[in-house]
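The chains carry the letters A, B, C and D, assigned in the order they are written, with residues numbered from 1 in each.
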Amino acid sequence: MLLTSILLIPLVVALLCLVARQRILLTALNISGFAIGLVLGLKLFRTVLAREGAAVTEWGEFLRADALSAWMVLLISVVSLATALYAVSYFRRDLAAGEVTAPRVREFYVLTPLFAAGMLLVVLANNLGVMWAAVEITALSSVLLVALYNHTTSLEAAWKYIMLGSVGLVLALFGTIFAYAAAVGPSAGMALPSFNWSRLLEMAPQLDQKLVKLSFIFVLVGYGTKAGLAPMHTWLPDAHSEAPSPTSAMLSGVSLKIAVYALLRFHILSAACLGGEFSQHLLLGFGLCSMALAGPFILTQKNLKRMLAYSSLEHVGLICAAIGVNAPLTVLGALLHMGYHALTKPVLFFAAGNVQQHYHTLDFRRIGGGLAHSMPATALVLGVGAVAVSGLPPFGLFVSELTILAGGFASGNAWVSGVMLASLLLVFCGVLIKLARLILGPARAAAPPREPVAAGRTVAMSLPLAALLLFSLWVPGSLLQLLELAANIIRRTP
Amino acid sequence: MNLPSIEISSRLITLLATLMLMLQLLLVVQRMLISNIRLFALQSLLLAVIAAVVAYVYGAWHVLFVAVLTLLGKVIFLPWLLQRLVRRIKIEEEIHPFLGMPASMLICGALTVLSYVVARPFTSLARLGNNTLPVALALLLTGLFLMINRRKAITQVLALLTTENGMMLAAIALTTYGMPLVVEIGIFFDVVVAVMVLGILVFRIRESFDSMDVSKLNELKG
Amino acid sequence: MNFSPEVFLSLSLWGYALGAGGGLLLLRRERLGNLLCFGVAAFSALNGLLAALLFLAGGAGAATPGFELFPAPLPYVHISVRLDPLSAFFLLLVSLLTLAIGIYSLGYARGYFGRKNVGVLGALFNALVLATTLLVTADNIWLFLIGWELMALAAYCLVSFEHEKAETRQAGVLFFIMSHIDAVCIIIGFLLLYQAAGDYGFGSLHAIGARMTPGRRDSAFLLFLVGFGIKAGVVPLHIWLPAAHPVAPSNVSAFMSGVVIKTGIYGLARVTFDFLGAPPLWWGVTVLTVGTISAVLGVLYALMEHDLKRLLAYHSIENIGIILMGLGAALIFLHTGHPLLATLALVAGLYHTINHAVFKGLLFLGAGAVLHATHTRNMEEMGGLISRMPQTALFFLIGAVAISALPPLNGFVSEWLTYQALLQGFGTTDSLMRLIFPLSGAMLALTSALAAACFVKAFGITFLAQPRSERAAQAHEAAPTMLVGMGLLAGACIALGLFPVLFVRLLDPLTQQLTGQQVSGQLSAAHGLVLTSLTERSGTVSTLGLSLLGLCLLPIPFALSWVFGRGTRVRVGPTWDCGQRTLTPRMEYTATGFSKSIRMVFKALFRPHREVQREYDFSPYFAKTLRFDSHVEEVFEQQIYRPVRVMILRASRRVRALQAGSIHAYLLYIFGTLVLLLLLLAT
Amino acid sequence: MNPDPLAVLAQTVLLIVLAPLLSGLIKNWKAKLQNRRGARIWQPYLDFVKYLRKDMVISEHASWIFRVAPWVIFLTALVAGLMVPLVTAQAPLGLFGGALAVVGVLALGRFFMALGGLDPATTFGGMGSSREMTIAALAEPAMMLAIFTVATMAGSTNLGQIVLAEQEPGWKFLDAPHALAFAAMFIVLLAETGRIPVDNPSTHLELTMIHEAMALEYSGRSLAFVEWGAAIKQLVLMALLANLFFPLGLAPGVTLASFGAGLAFLAAKLLVLAGAVVLVEFTNSKLRLFRVPDLLSAAFMLGTLALVSTFLFR
């Protein structure tokens, strides 16, 4: 009943929010829903650990949660809880400023749990077709979230997001069908071969090799578009910068990783069938390409949220490349990196949201600088968040990045780590130059009056940051054990 | 289910698939929006017939259910919805796509050849009609090319739906009994909801931008 | 609780952490925050000093076992520190500087009351010292890199502490980018070592070079040389140093110039002597050449500066060059198989490291006091401060004499040792390569003479003659705590200068670890009074003897003036002014004027630009206003760094065009990728 | 070989007495060459005594450095002198420092003299200090190369050891390295003691004087010690040059008889060297300030050639 309850809670919250009127009720519903989700996530985490990594299945293998999906469930619930907490003060200010109408806020509170439910379904569904449908649900719910404001730019971003997303999903469906067709051949005698991932994994060696290659290519381009890998990433900066900050936090924080999760399922399948090289090289290539591409865009960036979006592009590229290298340390590092990035990126988007509400623009030149004087609390959080996202020591991203690099060296492909380090350096310089100019400097005359200290908002904003610092200094043994189990699933070692 | 009916049905399916490809090429050429929608409806009809034939030959009743769904959804409901949208927005004609007629025809030909080349190693697999997979791939690739080539939002949505038809054809052709019902329904509803969301967006874009020309949507740079 | 070095070390580390935390808590109450932060920093520094002295004096050759400071966040990431002679020596250096700067800052930070948040300054300073101490005593690659990046981060925040000025922000960003570039180089270097060793601990990395392929070993060395070279401020990679040090608060620039650039030297020494094993010849030659070039160019550019703190920053580059000369010579001797000479050169390099830390710290603290009093860094607006700030002037003079390598102070002793090492190096090989030693010796002589000229200018223009501006006229003596801080370092300068033999004995365990030789016995003669270069015959010097001799001879001039000039009186009168009315401060020699002759001599290098704009009403002979501007072209900045930056930005703008906004282009990218992959699959 | 007080005292007296005589001699000879009668040889003694008797006028802007500088100049010259072997092969204070220490101590004297020049806020003092430090900076590498040549040939920087090594039988007197090194040291001698091609000791013309400009503000006792210190420094450098390259007559031990013979030899060598200096002064005119670096770079080249020749020609 655990998995179904994890799925049902957000759906119920979504339905209730359809009915509820007052904003307080909506926020309470959302926060409590996601809090319960987190508790259930932790319960799932403990049960998976208790079963030594054997998968928790319900509805006759329709829902299945192994170590990898348990880790994903944790990330989804943490990010959505943080978003819900921040959204309270965010929309209070937006409503006060007349930026958005009450029905649209209600639309936000309905769609966000739906979005979370979609993501949870993706990670819990065992059937690849259902997984595809779940990704489609996340796409559709997040499109309307992106188009929440009625500016022309957010409509444009939403349109590009839905068009490119749909094309990606059609290709992903093609890939899924080819994978399914590969299973039809060998099991001619039996009845309809099951579309479940676990069964397909058992039959992997007998699958038709050519069809599996074709399917991985389509899935790579399809889900790669949703994950924002390099040449297919063009929708990412538009969607993440035009969406309301809570939504872009969820988009950047975890929805990219859901698409990467889907890609990983097929990567494990094709590795089991064809032997790792084919899919690993592709993942490595696309990952490095995304990392390399992020640098130039950040160096010449003019908009704060777009810069954060490109930083997410780089981190997703790093995760894919690390999994492509497929050394024990790099895969563990990649999973650890997913966790730390999921805690860091939302904080930056929350701070960017504050800046947008205060200055009504995100353009570096128009804000000019002196953020430390006009918005001291937000500037501090933005600064500390930037330090974390650039992978500097006190925070965990440094440890995960260095683990990946050490893994790259240990497994003999040092050049990969070299390219990674070069692009990380380029992005670091870009982020430093832009944010130093934004945060530091004298108070500007044209800047709006000093921001009143909203204690509630600052706490909500910096909660994930505190969690990040805690988990940077002390990684609990059980969490590490879960990550090792997940890494074994990805690398298919028993 | 005697032997000759399989022979006849596979030849029939090959014929229908080729017709679908022909319709696709017509779509590429056609300028008028309304006729585009009707062509799409016709193509969906052919797809439904193919599904019916497969269902009849293998007695797989759930494929028949898919045929009926396709008939209701894609042949009747979606074209009606799109036509209503087109009439309310009162834009009739695609002014001038990026590539002229001859160039786009040439590219579609090349794409079809590519899909045949890619699909060649899988001929041993296909049981019903030996060219359904290449046709499906061709539909996908030409549909994508159509999306790239056209400026109007509605045409892009139509192109997306044709690629979706190609996908359904591949599903039916490659797997003797089609995909599990749950998956079919999931996919179908997603497509319908997607079109409705696209409709909402097109309507909102129509309000803020006075035209449906998608190439005007280029404010977000860098 | 036995008083072993580890106890003091952990006390010192936790002390700094407490100071940092305390500073953040006491943001509101400035006075208490200042006292707590810098007081705790000074106390912890004292602990660190005791730990280092106890360890080195104990002569314990073997390193103490590493102990965990903090439970490991990940199984392979251990936060464990270990004291071995090399890290103990640098711990001594860090703690000595922090003690003096801590005391100094108690007075200096008062200047920021009301203006800036002193709690933040104290907390960041404690964090910087904590990171540096962790870095120096780290026991594995992880803690070293964590310490390295934390140091860079804390130093960046401190450099841009007064971020209202645009110059400070730019300098801070440049500093942080360069530190990150050197962090990247070092990470790749260490991962190459990890690849060979399979383990992160420094213990397992010892002499790992033997087990690496020559190609990988050389690339590791080059990466480390570039990485640590950037942090040390070696010439082609030095541009951040003269930008960052002047804009930082003076106690921070003293710490950065005295200690932070020494972490580069620590890294280089640890890697080349401890990890990479027997060096090939070209390593030593590269380090020696780079050292010589840095020394000469450092001092030449220092001479052209009229900003007091930029002048001192360039001098850091010069002294780092001298240290690298010592280390380079030691590497060459290790290759040619002369361990005793290598140890002499190593002792010379490390002795100069601590000397430079002490007198550069003293000079920066002095400059800080001057800046605190006159609110300007421009020497052209100073003058006559010796009568207004007598103690600061005396301490600055001691620092100036020490840095110009004049007997009897410590600069002379370490440069004497370097000369001896270079001199005896000339006789070791027969190949033409031996010419490099005397040539770098001559360049060292040129450097120290130019340094003397530069500090005559710095001291003379800043402290002597008449005040050139109103602000300099109203200068007042620095606070007592600042004087105590400076006095401590001045005392250290004198002690290190007069009693070198004592200090060389402290270096014994270190040379035993790095080159397997102990030379303090050979280096001292006449029961500790005289310093020799390995054999008494090859050269001796005794700074103590010289100063005592000077005192003994003092009665002779007194006697002469008593015998002949008993009844003479001393009268104070106006300076000779060729009969004009009075000598105004505008007639005095200026810093730019003082360095004019050297600018003319080295015209080819400086390419000076000189511009005079005259405004006159009716006749060109009676100018209404005269504007004179002369500056020296920043060769490295213009020729190397600016073109690279412009090229990168132009390439990025071209890549930016990819995201041009048209959805058709985006669809084309996806379509293109798909078609490409399909073609790839089909063939 | 720890220093015995008798030798130290003797050498100190010798230095203090001989220095003014030497500069007086040089002035006298130069005058005679310009067919002038010139001042008496012992004129400098009278000048120094006269200065000692006069009152001292100190500038109002000057600080304690202005008062301390003359003492430092005088004492550093004396200390440097005690480390140079004048009469006996072993300098009385050879243990305390070799060639490098002599250079360092003289540099300390120069440092304080330059500060003394800057202190009374006069333009001439600043100009003198700036030029003095520039020339010293350019002269030092050449001097260091010469010392390196001699030191490597003898295997030690200790002046006593170098002289002893040179007195061994198999020592060729002016072989190539020593000749080149001597030439380089001679140019450096002219630069350091402010002789004609570099600086004109007898002029008060503010555009050309270097050493004189720094001593402009001194009067009375201070002036005496500044001038005396300069004279001692000149003697020390000349003795260093003479004994290092022509170590004739330097007795290894310290006995009364050897002291007398050593003195005679020293006097002869100094006279020859002084003659050379006077000849150079007489035949040349003062170089323009920005031509002096070319002269000093010539000295640097000579030094490098000397160094190279130590192992190329042997």
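Here is the rule we go by: a residue touches a chain if its C-beta (ideal position, glycine included) is under 8 Å from a C-beta of that chain, and two chains touch if they have at least 3 such contacts.
In this text the structure is predicted, and so the values were computed from the model without any measurement.
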| item | value |
| --- | --- |
| Steps needed, at fewest, to go from subunit A to subunit B via touching chains | 1 |
| Chain whose average C-alpha position is farthest from subunit C's own | B |
| Distance from the mean Cα position of subunit D to that of subunit A, given in whole angstrom | 79 |
| Euclidean distance of C-alpha centroids - subunit A vs subunit C, Å | 45 |
| Gap in Å, rounded to a whole number, between the CA centres of subunit D and subunit C | 35 |
| Cα-centroid distance, subunit B relative to subunit D, in whole angstrom | 102 |
| For subunit B, residues that touch 2 or more chains besides their own | 118, 144, 147, 214, 217-220, 222 |
| Numbers and ranges of subunit C residues touching at least 2 other chains | 656, 659, 663, 667, 670, 674, 678, 681 |
| In subunit D, residues with contacts to at least two other chains | none |
| Contacting chain pairs - touch in the sense defined above | A-B, A-C, B-C, C-D |
| Complex contacts: residues of subunit A adjacent to subunit C | 159-160, 163-164, 167-168, 171, 213-214, 217-218, 220-221, 225, 231-232, 234-235, 237, 293, 295-297, 299-300, 372, 387, 392-394, 396, 398-399, 402-403, 405-406, 409-410, 414, 417-418, 421-422, 424-425, 428-429, 432-433, 436-437, 440-442, 472-475, 480 |
| Subunit C residues within the subunit D interface of the complex | 383-384, 386-387, 393, 397, 401, 404-407, 412, 416, 419-420, 423, 426-427, 430, 434-435, 438-439, 441-446, 448-450, 452-453, 456-457, 459-461, 463-466, 526, 530, 533, 537-542, 545-546, 549-550, 553-554, 556-557, 560-561, 564-565, 568-577, 583, 585, 587-589, 593-598, 600-601 |
| Sites on subunit D touched by subunit C in the complex | 2, 12, 16, 49, 52-65, 71, 74-76, 78-79, 82, 93, 95-98, 100-101, 103-105, 107-108, 110-111, 114-115, 118-123, 125-127, 129-131, 133-134, 136-145, 148, 151-152, 155-158, 161, 216-217, 220-221, 224-225, 289-290, 293, 300, 303-304, 307-308, 311 |
| Complex contacts: residues of subunit A adjacent to subunit B | 127, 129-130, 132-133, 136-137, 140, 143-144, 147, 150, 152-153, 155-160, 162-163, 166-167, 170-171, 173-174, 177-178, 180-181, 184-185, 192, 194-195, 208, 210-211, 214, 237-238, 241-242, 297, 300-303, 306 |
| Subunit B residues touching subunit C - in the complex, by the definition given at the top | 98, 114, 117-118, 141, 144-145, 147-149, 214-215, 217-222 |
